[in-house]
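Next come two complexes built around subunit A: one with subunit B, the other with subunit C.
Entry: the complex of A and B
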């Protein structure tokens, strides 16, 4: 079903009933798998991701294979379940979009984690996408943050991510159209959007990915809305982490 | 909620307002939490006034700053008394064999000393640690089988995921075993268990019962 952007301008409600700056329901759990060093389950709307973190552990590869000896290397593996989308589809390992997401997540956390504390080791983040409905990269980043916190890997601050899109079209020339926050799958198909992740409360952008084309004048509004959404995400994640901390102090292991 | 919980790295206050206590550290002239726990502020007792009546005007002693700290062991404070127990070197543990390979047996540690653990920890019994004598003739599949309950001693904290365990003492080894037909067996020698129903013997590294 195509997103009818003309009705949006009338009621200012999106297909799923949200307003322009509303997030979807964001729920998260920490320590979902006992066997992993750190794990999390995070859902933003109907996008659901399980993340497990292994490490920091010794590098398995032969010495000299990857040159970084003085800091930990972050590696990311993403697997998309065949049942995650609307129609069943097998995605191979060589999917370029998945590969790019892996690299994006790895570089983001390579900069935020205190990797210098773990020389000659790897931190493996593996993400399993169970359900797919837009904002995939953002969901993966948020889930990775929680799993890394659960694993106890020191980091500068939370990396919180969200997406922002632009409803205005060039033809209708509606300059004042609102940017949209946290796009779902059908909105992502229709609208130009970007994924933005911030680190900490100071609006420090650590990831900014945009695969669609948009007029440069809209970019600033989208970015502002996205960064504001990241702040909301950070508050939600913080509540989850603190609730987990409280339960640890009360003596429960899992 | 009476106390607020700090997470590691959380900003607690400026060094001009507080003194850093246990569980905190100073970063960029402000105090941050180092560990997870409830924040506590202790105000130092007011110093007693001058013993003699003052005869001249002196500068007032600066007010001592309150100390901000994170309580390390809150389980005592909350009266639960439940400390997390983890295996240590030379502690005797009870564990269940999960997997065997020719070189090692993987186990789940369930009990340390007298206390049952909340979660289970991974352990590893290498082939050279099964018994003290004739180590070169030890075969893992003649010593353990998956499902056996084993008494073992921790010899090392091991690698990142496994404790290294040893059964190289008379009182260590398999204490409960089931036969291939699924019956509980009883030990008949230092290396054999017998199935009471079929009468078949199976090899194990048997723990000395008494």
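Entry: the complex of A and C
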């Protein structure tokens, strides 16, 4: 068992040495690709994502697509590199989970971006997952936020995301066990977890995804820890954006 | 596609508002001190505290307002605006732009000028070969591709803006029209456009070394740049209409002239300099 719950309850340290409310190392860069309108590279622990934003630009609407004429349409493309996981795996285009992530990200940004300023255009977010170790949806959301800021698309606020899991199990009857913040790949495999994204500093939840089963009493604690983690993420992203802006104002492009 | 990933940066420490000076945290980076202290800022003050990020409160005096893009706050009397660090080009009337024809329709062309939506160039807004007084006929509509076809580059001016912010262009001047004998490049950068600011003069002629001759550089406000061999306008002293007739025969040619290698080199060299710059 990768996550030895017995040692966790003794030392309260997770497998990678973090405490329950600690984020993994989060690094981010903006404007990694000069040719794109906006781009970013973000890593949360060993999950690494490159994001490029094209647009807002006018593209030929696909036949059958319900194009709304009065506001921009956000479309998301996710590609998972074959070398991203531990085992080399080929993922087809028709992966349902990837498809659901695309829809989740597109819906979240459709609501947060000021799409009405760009009628008849499309904002394309393309995400390339280079390395995969848990909290994938959260990493994708954070990377998209940075790339969209780099592209200069007006938005209400940062969308910041983290995951939160619950260690307590019914059998051990430890109701007071702390929820865990920012799960890595091995923790995600065996703990129930949720992905939460907030918009802004006022704890406004914009994305909430949970694919596992958990007792309803633990949900509140997980959510509270997740929302708190989003705040930490927002502070970190804000520093990255400010540092980038400072460098631009000083005159150097990179 | 070139991907530049810099060496791993150290983990970012969260931005602490307490450490920043109180002037930053109180008013969100913009200095709002009432009506007396308002000064029009002609140029962006380059200060760390001046950068606002999305969601940051720009002002809460009288009216509450927050930023939606990352950029610098600009204040014109009582109007606050945030200039994005980087954004797509937004057309304005009178801008000189370099564009590429994307689509040909029955009476107009759709032109990519780097803006969120394609600009349009109506058939009625170009100079047809054969002088300014020529009437537009159905034959011209049928032969619309003889003037501009898909992929052609052109230089034009923004004539008017539509409701949705897209531009309508015109090329009704001898300075404007189809581009050939040169290289295209695009830059993106700071400000509300492509890093090129609107200036009094946007066509520069540069003397090059090694017998390369003169090179014209056209800086489009949208960040598209065209570099070509300088062509002396023949018969500059003739009457305008006569000159138009003589020039118009070749103005819609898509055939590149045979250029001496040196002229080609100098254009390419200029492009490299521009990239370095």
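Here, the second predicted complex is superposed on the first by the 247 of 254 C-alpha atoms of A that agree within 3 Å, B and C clash if a C-alpha of one lies under 4 Å from a C-alpha of the other, contacts with A are read in each partner's own complex, and residues count from 1 in each chain.
By definition in this document, a contact is a pair of C-beta atoms (placed from the backbone, for glycine too) under 8 Å apart; a residue touches a chain by one contact, two chains touch by 3 or more.
Model, not experiment: these values are computed from the prediction.
Following the overlay on subunit A, a clash is recorded for the pair subunit B and subunit C. In the superposed model, A:16 lies in contact with neither subunit B nor subunit C. Considering which of subunit B and subunit C touches more of subunit A, the answer is C. Applying the stated contact rule after C-alpha superposition, one finds that A:95 touches neither subunit B nor subunit C. In the superposition on chain A, contact is made by A:32 with subunit C only, not with subunit B. Touch criterion met: A:57 reaches subunit B and subunit C at once.
Touch criterion not met for A:211: it reaches neither subunit B nor subunit C. In the superposition on chain A, A:249 contacts both subunit B and subunit C.
In the superposition on chain A, A:240 makes contact with subunit C only, not with subunit B.
Clashing C-alpha atoms with subunit B after superposition occur in a single stretch of subunit C, namely 217-225 (options considered: 163-171, 217-225 or 235-243).
The residues of subunit A shared by its contacts with subunit B and with subunit C are 34, 57-58, 154, 157, 241-242, 245-246, 248-250, 253-254.
Touching subunit B in their complex are the following residues of subunit A: 34, 57-58, 154, 157, 241-242, 245-246, 248-254. Touching subunit A in their complex are the following residues of subunit C: 1-6, 8-15, 44, 46-48, 50-51, 53-55, 66, 68-72, 84-88, 116-118, 164-166, 188-190.
Here subunit B touches subunit A in the complex through residues 5, 7-9, 36-38, 74-75, 78, 80, 82, 84, 118-119, 160, going by the rule given at the top. On subunit A, the positions that touch subunit C within their shared complex are 25-29, 31-35, 37-38, 41, 50, 55-58, 72, 114, 117-121, 149-158, 200-201, 232, 235-236, 238-242, 244-246, 248-250, 253-254.
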